[in-house]
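Following are the structures in question.
There are two complexes below, and they share chain A, which is joined by chain B in the first and by chain C in the second.
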Partner chain A sequence: MADAREARAGPGTAADRGRRLRAGVSSHVRAFVRTPINVVLLVALPVVMVEGYGMAMEAFPSLPFLDAGRMVEMGRVNGAVYTVAFFAGVLGLFQVISALQADERLRICGYSRAELFASRLVTVVLGTLVITLVSLAVLGWSTPVEAPVAAFGGLALAGLIYGLIGMLVGAVLPRALEGSLVIVFVVDADDFLSSGMLDLDAAILNAFPLHFPHQLFRDAVFDGTVAAGDAFGGLAYLLIVLVVVSVLYIRLTGDGGVAA
Partner chain B sequence: MSVDRAETADAEVDPRGDDDPTDAPVLRASGLEKTYGTRLPLPFTRTVEVLDGADVAIYPGEIVGIVGENGSGKSTLMKILVGALEADAGSVSREASIGWCPQEPRLYDRLTVRETFRLFGTAYGMDGAEIERVRDEYADRLGFDRFLDYRVDHLSGGNRQKVNLSIALLHDPDVLLLDEPYTGFDWETYLAFWELTEELTAAGTAIAIISHFVSERDRFDRILELADGTLSDVTGEDPTDHAGEDPRGVGANGGRP
Partner chain C sequence: MSRSGSGRLVTAFEMGLREYARTPVLLALLFFLPAYFVGVFVYVLPASEVPVTVPGTGRTLVATIEVYGVLLVPMMGALIGGLAGLFVMLTAQEADGRLVVAGYRPVQLVLARYALIAIAGLVAIGVSLAVLAIEFVPERIGWIVAASLLVGLIYGMLGTLSGLVLSRLAGVYTMLMLPMIDVFFFQNPMVEEVHWIAPYLPAHGVVEVATDAGFTATVTVDPLLGSLGYFALVALLATAAFYRSLRT
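Right, the complex of A and B next:
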């Protein structure tokens, strides 16, 4: 038995790390699917938000700064972006706070903090891709999407950025109610201000998480085009958020988690 | 705080009176200090000093009881020993693999028992066959074999605790740190637990148990009491001195879990 103990010591090979990552992701995905509210949100949220935003904009009074010809479609586009960003943000949040204590035990049993972060992140990415697909399908059912692949990319980018932000909020503020409120209000304000419906000319808006995803998604849906500057800007933004969040997450979830 | 895995126990006085130089502690901590307080400068908050220079050494094949009043810092000490919590000062030297059974089961509620073993076994670096073999052995001995396909959040408190304990034992660690491991156990499982600890210590496993039950004192090789932030050896002292420290002490139910 002593030999077996020695053989298991240390972080192991790349294959061992891959095995731990697969086991972690598999477990997190099972836990996600076994949470009924997640499944309900995956199906219902896109329908309610995409069509709800469309109906709301249809009833909106005519205002000089709004493009009256695309009001309903703009509402649906905003609803789709909101849905994906909100869902991914909440998913990221709950991936972190729902199991801080169990994750810490798993770390003591052999996972590194980077492996724990990676397994949570992969789960968030998978959930984001599913909600993106469902939201785009719901949007496409009522609104023509000129470039579906590019639209998927822009929408997924919104989700990935907010999934990471949700993980960060979970590490900084590991409480369900407070964390959810932060996600709701931040996504709502960001979606509104980045939507392009208002004729705003403030440089600060370029730094908003949904600035590039919104531009990419609107262009793909309405014009079927992809602006290289927006695409590179969005990917660079995602990369920066990924680096910042991974470093902060690993630091903040040490010592038994922030809440310890 | 420094954590040293390679440092040897040179020049240390064995508290058991055993002078065998090859019998070095498998887990040793010295000068541990820990104070809880907010990290933010908020008003109306206060700090709580839990550990104040606590020293402990645990040797192969011994079973050590850690006692103390509620809130004395026993669980904090154990978290620091295992590495789940950082001490403000002091050092921990871990010479061997550790199994930790926390007071509250830190498990994933929505995984089944079978999936839980697979995940933690993978974390320990075990292969699938080994995980299954050890899982089935403990499921049989502790009596939760009927619940392997139940989700953890669907288990009773006692069965959850059995899984909690078995996860700590899964990789056959050199040191076991158990924080009130038998909470919720029925009498048969309680006896099976002590039978298991005897087998493990006979095989050389070091075990430290946080316990409130005065009637268990005879089961321990040494008893360490945590009071005022420090540990002192109270082995052989009158157990009635500590009987009133917890309502579940000997006066309440004869020491049964």
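Right, the complex of A and C next:
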């Protein structure tokens, strides 16, 4: 049935595919910005979280494994990573949940599974880049960032990994409450344990999604350096998540998704 | 409330419980996610000691896992309560509108929904305490449960309010970020001098009592009065928002 539909609509030329992708992305973006509160959140969340984390860390005691002079900055840095990861995760989740039925109709109109996935993915990537830019600007306003480009890369990496994880959760668990619960618990535990605010050496932490992005971002902000091992580890992590999500998403959303 | 009134309340509550039971994935998550969260902390936290402020005792050194143990239980209550508040009310909104037309009083529906939020919070708290018991058993478990349930209800009301007043997406953002920054950072007993904003946040009195109950046998429950007042205020606002949503 699905193949018959694809055959009827035809794959089209590269120009057709490009046009369909642009149309898909622009409609997803419009759907997001149509709710004014979403746009407000794009600006308000980074301000509240970056400054909120900084304020919260102000009163912490000096701990042997933390530079006492950097507590507030450390809080702000963590607030930025948390904001980007969480925003992207929830965006990915709700992009997929809201997409399942609409995408099935678009398939009838000739969109391929890969095109549908690509249009959702591009929307999540755009949202991630915007929130990354805003968060970095909020952080830079109060904390000197030694290597802004590298910091942007580390922060965007955190968002992209969680954007994909959000899409994965949405494809496997396409219900708002259940999906949100998973994202909430995974991001909260990951962010806190990867933040460098605890003296941890468990090997399992290397497998956490925010392990490499946190490290990269901290190094870029405080020291202006980029550790090749962390950059490679983070990009490899992103690539693995991308492959897993692509395969699962395209399989699960093929004929109406798991919710159908 | 009359006999038929309480009967309707019980029926609405039972229907809500059946809905939980009909979604095994949700039930499984209610058990698994707190277990995962607390379990990861229990597994990775170091055996070091950190200074904390215990009400009535002052500054004292305790194991890191014990500090986060007393924070994790209210945190689980707040996270699950907040999300349950957000989604239970939003998903039930349409059906509740019809039930009101059929003769239910809004207060019966509100109480039934709040009881469901409390059940979800209790499950999360119970699972968290069970997993935490691998490493640490608080001195007064009953008070930890009471404090965590109260913060779960406060966040449940805040979740309801944010869902009804803002939007579902905005509600999810608020319910993820606020409990984390409130419980883990502003109310953290490792803090030497409480930040000026901390007493105005939902978990303030609750974490104070949870810390007391975690490390001492005699618990001063006065801070809970402030939390009860907080709960009454947000419950009032959430109920007013719910009533308003039924009219529109």
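By definition in this document, the second predicted complex is superposed on the first by the 245 of 260 C-alpha atoms of A that agree within 3 Å, B and C clash if a C-alpha of one lies under 4 Å from a C-alpha of the other, contacts with A are read in each partner's own complex, and residues count from 1 in each chain.
Basically, a residue touches a chain if its C-beta (ideal position, glycine included) is under 8 Å from a C-beta of that chain, and two chains touch if they have at least 3 such contacts.
Treat the numbers as computed from the prediction; the structure is a model and nothing was measured.
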Chain B versus chain C as contact partner of A:149, first or second or both or neither: neither
Touching partner for A:16 - first (chain B), second (chain C), both, neither: first
Partner chain(s) touched by A:35 [first = chain B, second = chain C, both, neither]: both
Touched partner set for A:175, first chain B, second chain C, both or neither: second
Comparison of chain B and chain C by chain A residues contacted: C
First (chain B), second (chain C), both or neither touched by A:199: second
Which superposed partner A:43 touches (first chain B, second chain C, both, neither): neither
A:236 touches, of chain B and chain C: first, second, both or neither? neither
Contacts of A:244 with chain B and chain C, given as first, second, both or neither: neither
Partner chain(s) touched by A:94 [first = chain B, second = chain C, both, neither]: second
Set intersection of chain A contacts, chain C complex versus chain B complex: 35
Partner chain B, residues of chain A touching it in the complex: 1, 4-5, 7-9, 12, 16, 19-20, 23-24, 27, 30-31, 34-35, 99, 101-102, 104-106, 108-111, 254-256, 260
Of all residues in chain B, those that touch chain A in their complex: 79, 82-86, 96-98, 100, 102, 104, 106-111, 115, 118-120, 122-126, 130, 151, 167, 171-174
In the complex with chain C, residue positions of chain A that touch it: 35, 37-38, 41, 45, 48-49, 52-53, 55-61, 63, 75, 82-83, 86-87, 90, 94, 173, 175-178, 180-185, 187-189, 191-193, 198-202, 204-205
List of chain C residues in touch with chain A within their complex: 23, 25-26, 29-30, 33-34, 36-37, 40-41, 43-46, 48, 50-51, 64, 79-80, 83-84, 87, 91, 166-170, 172-173, 175-177, 180-181, 184-186, 188, 190-195, 197
